[in-house]
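Letters A, B, C, D, E and F name the chains as they come in the text, with residue numbers starting at 1 for each one.
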Amino acid sequence: MRADGRAVDELRPITITRGWSEQAEGSALIEFGGTRVLCTASLTEGVPRWLKGEGRGWVTAEYAMLPRATSTRSARESVKGKIGGRTHEISRLIGRSLRSVIDLKALGENTVVLDCDVLQADGGTRTASITGAYVALAEAISWAHENGVLKPRVNPLTDSVSAVSVGIIDGVPMLDLPYVEDVRAETDMNVVVTGSGDFVEVQGTAEGVPFRRDELDSLLDLAVSGCAQLSQIQRETLESTRGR
Amino acid sequence: MRADGRAVDELRPITITRGWSEQAEGSALIEFGGTRVLCTASLTEGVPRWLKGEGRGWVTAEYAMLPRATSTRSARESVKGKIGGRTHEISRLIGRSLRSVIDLKALGENTVVLDCDVLQADGGTRTASITGAYVALAEAISWAHENGVLKPRVNPLTDSVSAVSVGIIDGVPMLDLPYVEDVRAETDMNVVVTGSGDFVEVQGTAEGVPFRRDELDSLLDLAVSGCAQLSQIQRETLESTRGR
Amino acid sequence: MRADGRAVDELRPITITRGWSEQAEGSALIEFGGTRVLCTASLTEGVPRWLKGEGRGWVTAEYAMLPRATSTRSARESVKGKIGGRTHEISRLIGRSLRSVIDLKALGENTVVLDCDVLQADGGTRTASITGAYVALAEAISWAHENGVLKPRVNPLTDSVSAVSVGIIDGVPMLDLPYVEDVRAETDMNVVVTGSGDFVEVQGTAEGVPFRRDELDSLLDLAVSGCAQLSQIQRETLESTRGR
Amino acid sequence: MRADGRAVDELRPITITRGWSEQAEGSALIEFGGTRVLCTASLTEGVPRWLKGEGRGWVTAEYAMLPRATSTRSARESVKGKIGGRTHEISRLIGRSLRSVIDLKALGENTVVLDCDVLQADGGTRTASITGAYVALAEAISWAHENGVLKPRVNPLTDSVSAVSVGIIDGVPMLDLPYVEDVRAETDMNVVVTGSGDFVEVQGTAEGVPFRRDELDSLLDLAVSGCAQLSQIQRETLESTRGR
Amino acid sequence: MRADGRAVDELRPITITRGWSEQAEGSALIEFGGTRVLCTASLTEGVPRWLKGEGRGWVTAEYAMLPRATSTRSARESVKGKIGGRTHEISRLIGRSLRSVIDLKALGENTVVLDCDVLQADGGTRTASITGAYVALAEAISWAHENGVLKPRVNPLTDSVSAVSVGIIDGVPMLDLPYVEDVRAETDMNVVVTGSGDFVEVQGTAEGVPFRRDELDSLLDLAVSGCAQLSQIQRETLESTRGR
Amino acid sequence: MRADGRAVDELRPITITRGWSEQAEGSALIEFGGTRVLCTASLTEGVPRWLKGEGRGWVTAEYAMLPRATSTRSARESVKGKIGGRTHEISRLIGRSLRSVIDLKALGENTVVLDCDVLQADGGTRTASITGAYVALAEAISWAHENGVLKPRVNPLTDSVSAVSVGIIDGVPMLDLPYVEDVRAETDMNVVVTGSGDFVEVQGTAEGVPFRRDELDSLLDLAVSGCAQLSQIQRETLESTRGR
């Protein structure tokens, strides 16, 4: 039995408010329990210089945390004048994950920037970001269709994508770790899975003792089942009405 | 008649959700029409080095805007590696405004950092920040009383404080400008007023033609009346229950 | 009676040496008592990228202080690798103030950068900078006429502009505060006024207790009268011969 | 058959020159085919501030590439004034990997910094870095024993660690990818394995199409076998004489 | 005959205004023709951390140029966020030169920072800076004697120091090059000489063709004679009254 | 007799491995005793913006030290976020030295960047860098001839160039100082000489007491003779076969 009463293979309560922003082409406020991330998708014409004239688009992401998203305040990276390694790493992970379900040719010479700003953090902020960013991206693609930026029959989205964290605590593999579990995990793994159930990213790290192959297998099983549920929630959200 | 149907001396709909954050000692999500600012107050023991041993506390503020708070995306200051002049200026203004209603001696050797992060921007973000930051600060002071950080009878808050923007558009002085009015204003003024009705800051700028003394007087009248209403909303909010 | 023997409505001795620099298109060394600021105006063809092809010019300003302008040495901002909030704020104020008396269309696609470097600081450096920068700007416009950059009948200057600080000390409103008065002021206000007597900027700040409407009125009266004198000195300086 | 004539489960020629540096407490120049990385271990007394007084040591790593390690020159990160996301990510990976085989309590309040500088890059620089850094670390621990910094019976090393890249090219899983294969890989995985054969890190990324569970399994098999060979080479190197 | 009518071994008109600053412990505005440098000496108790407890003082220097010191405006290093190579190089040269005539033991645990800010540049700014910084330093030492920071009989100054530029133009060695000559020089040399006539620094650079030993000898002769004159002017300045 | 048994006018053992890098157009690993510097020459088409359309090429250099090149580890300049004064100064010296033997017109609109990375430091790293960079540059010019980037008869190299350090220790002038001698030297001089025996740079610094003209003369004699030997070794290296 876990501290919050969940079964080992149970997700926290998941809420996705699509269209939270009135300004962005796509947006979603996603909540995994106490973790709240505001994801916006900014779609603009044109591509970065290094891609010009290649007839392909670009999708990239930036992750950040508000200074008081956590239980003690962290200094702002803008004030420190540089971005930390963790921020860099997560931004790159989100970007790669979303690009795995986009056909950049079909996107045309357009760029989508996915901003994932953590308003409140309680574990799993990177996996919540990926899951929410997909909803924002899907909204932006709809916007592009509605506004003639993309032709009606062209759909750059090739699949959906979601992510979840799994870990081993006191020898037991568990799904979707909140902060109190995350800090105690012997092994911590983030898994990104498409709607079809294939892997986009598998990032497993032994925090304490190295892990065995059979433990790795159990974690992958849990993650695949968690992502199947998230994928279903994404689908339902996108079928619902926009706005808070 | 204004574009959104308001009278010239009418505020936009104001919403303050106190206790929005489960992590911070004090917090408020404040909305002035489409402008939404998340204000958190982080209260910690100790003071910056230059204040040590003087028996006084410190209150400071940091303002920032999410990249897609606005109609087109702006680059993050953390990515640019430096804070812009506008951000600096507003952070300093918020800090000064809140310090004007705090007795730093009574605060003891404690520090409060007020973070004002603009989630969505539609004009008046700095004045919404000051108004919301006061609620977050008041919550943090209550927290300090409830947790024994401050003695029951010691109240460092000497008054409340709120702020509003005013401006002259096509020769007409108006209260609480949204973005569409702000860009057209000939004169733009931000006024910070205490609950007792005295001035903390008056910052008037001629954007186009210089302004006359009588115009300045009309703007001050509008601002004082707007702040009186905001002051009332702050009071009601603080009497209500915490949480979203 | 003030420490330096002045009446409450009296300016410090003001000296403006126009044409101090042999290199710049316009320049002035301005002194307000012990405050000495070297102002240069650099006029070049072309405008920043965001203004290109709009048929308008640009005027901007940069303010800085030499490390030993003050009674104790401050670290250089170039060594710290970033510009502080105060520097940013003052640079922006000077730029806005000077733009208020320039017709950017009449300036054509030319840019003027006003550099205000404080060689010695004794209070009122930002207001001295604005007052001196106007003289440097006027010289640069003359240079542009003499060198065929502007046509003889085109005068982009629509008015003159000057600035002064005022403040309340021990309850008494006073004009043009040196450092010893500035640190003691309860309220501190910088006012920028055109040669015609209209307002460009009014920036009043309660350093200690909030201020009342009648106090604000007295401060504005003092400032308007101080700027009228400064405006007269600017005019006489520009009628005199260049050079130190 | 691969471009360089290797079998799919064959490593490139591996050379480790231990004791390459006369200055560092431990060092190794490691070569995986055309990839050459200079790894040094700097062991100093004391720990970072946040660890003081806890009776534990610290091991960290910094990775960098010389500007002309690659086929076209890259700008130096020191000249750009900031470290890129890729550098951050790899430095953190190396640090975590080496910490997984160190008992920080047994290390005492000492710090080891592992510098991995890529002199020439031909794919697999991060896995070569981890493999070489282990040799440098082992040398530094020997140095600590020889110089009385660690007591004879205290061995902070709990195991050895090595790493290798694997990937899927044209549907075929392959071991130890040089640059020409790396850019063509559909899936790219870096695996860090202890001398005992357990996992420290598994980082798999779909570069093009998402990958299936059976493909993941094949890649893990290849990696485990490759690391077993690397582990053997590390052992032989550490039994040989120091120096180039 | 040179463009300004001087003989090849003649200095430009040299003016040193000592005590230019009312704030600094020592200061001098030095002019070599059109080159004007404001040198201040800031003497404070204490030494940098790496010197603490060694019973010795420290002397260092910072050189900078105002943006419009030159014929076209340069961007500020504070705005660029970093100090250029030339600035670094000259600051280090000035610091070394002044330390060569200071007995750091006799200075006690005090630090002198010499700031050399070029207000107008017309060649030879680094040599003018060294020559002026010596006067500022000597004033600061006098100040230390007058204010009891140094004991009356302790004189940390072991000699005076001055510097001059020399160069070969159209095959002719010349003394003290203004900008128009400097850009045409085939060889450019900066020489720092003590009051006793010994060398502190010799920095010769072939700008175009390499130079021969006999040319080097002629340049050294010119520099030694120029510095003897500067040394005499320094002495006379320090015997005159302070202030502008 | 010196600590390493050399005569005062004797170089340390010099080794130059040309073609060390398989990636660069030219390269050399140069060793002066324990000092080891990897020099690469990157030749690319095109020139920096400020040179465009002038029909001339450009040669520049960047010097850096690995963090553990020295006996204690130094922080990376990339991590500190800025380049130190010493690095800047040496990079500029190397660039100037190499440009002195290149006819930039003959180079055409091509750029050569010389990277000198110190792998191990034992005194004289800047002079070793210049000597090694010449070999890398000569290789790159050969590469340009072999690859049709330069026409067969066009030789931009006008001479060779090498450099050596000299210094006075206990009153005795000595050639090629290792670290233990360098820190004890009263005067330290770096001299850059062409293959024809003329001077490119002479940089002499009094570390302790100022030096006399006759001492300067002895140092120059030693340096000229040392460079003649280095010039001979460069010639023999370039006649040998490439590669390690």
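By our rule, a contact is a pair of C-beta atoms (placed from the backbone, for glycine too) under 8 Å apart; a residue touches a chain by one contact, two chains touch by 3 or more.
What you see is a predicted model, and the numbers here were worked out from it, not measured in a lab.
Think of each touching pair as a link: the shortest run of links from chain E to chain F has 1 of them.
If you match contact pairs by residue number, over half of those in E-F turn up again in just one of A-D, C-E or A-B, and that pair is A-D.
Of all chains, the one whose CA centroid is most distant from that of chain C is D. Distance from the chain B centre to the chain C centre is 29 Å, each centre being the mean of its Cα atoms. Taking each chain's centre as the average of its CA atoms, chain D and chain F sit 32 Å apart. Averaged C-alpha coordinates give centres for chain A and chain E that are 59 Å from one another. Chain C and chain F have CA centres that are 51 Å apart. The set of chain A residues that touch two or more partner chains comprises 81-83. By the touch criterion the chains form one closed ring, and its order from chain C via chain E is C, E, F, D, A, B. Chain C meets chain E in the complex at residues 21-24, 27, 34, 38, 40, 42, 44, 62, 64, 66-73, 76-83, 87, 113, 115, 117, 119-121.
On chain E, the positions that touch chain F within their shared complex are 82-86, 88-89, 91-92, 96, 100, 159, 189, 194, 196, 198-206, 209-213, 216, 220.
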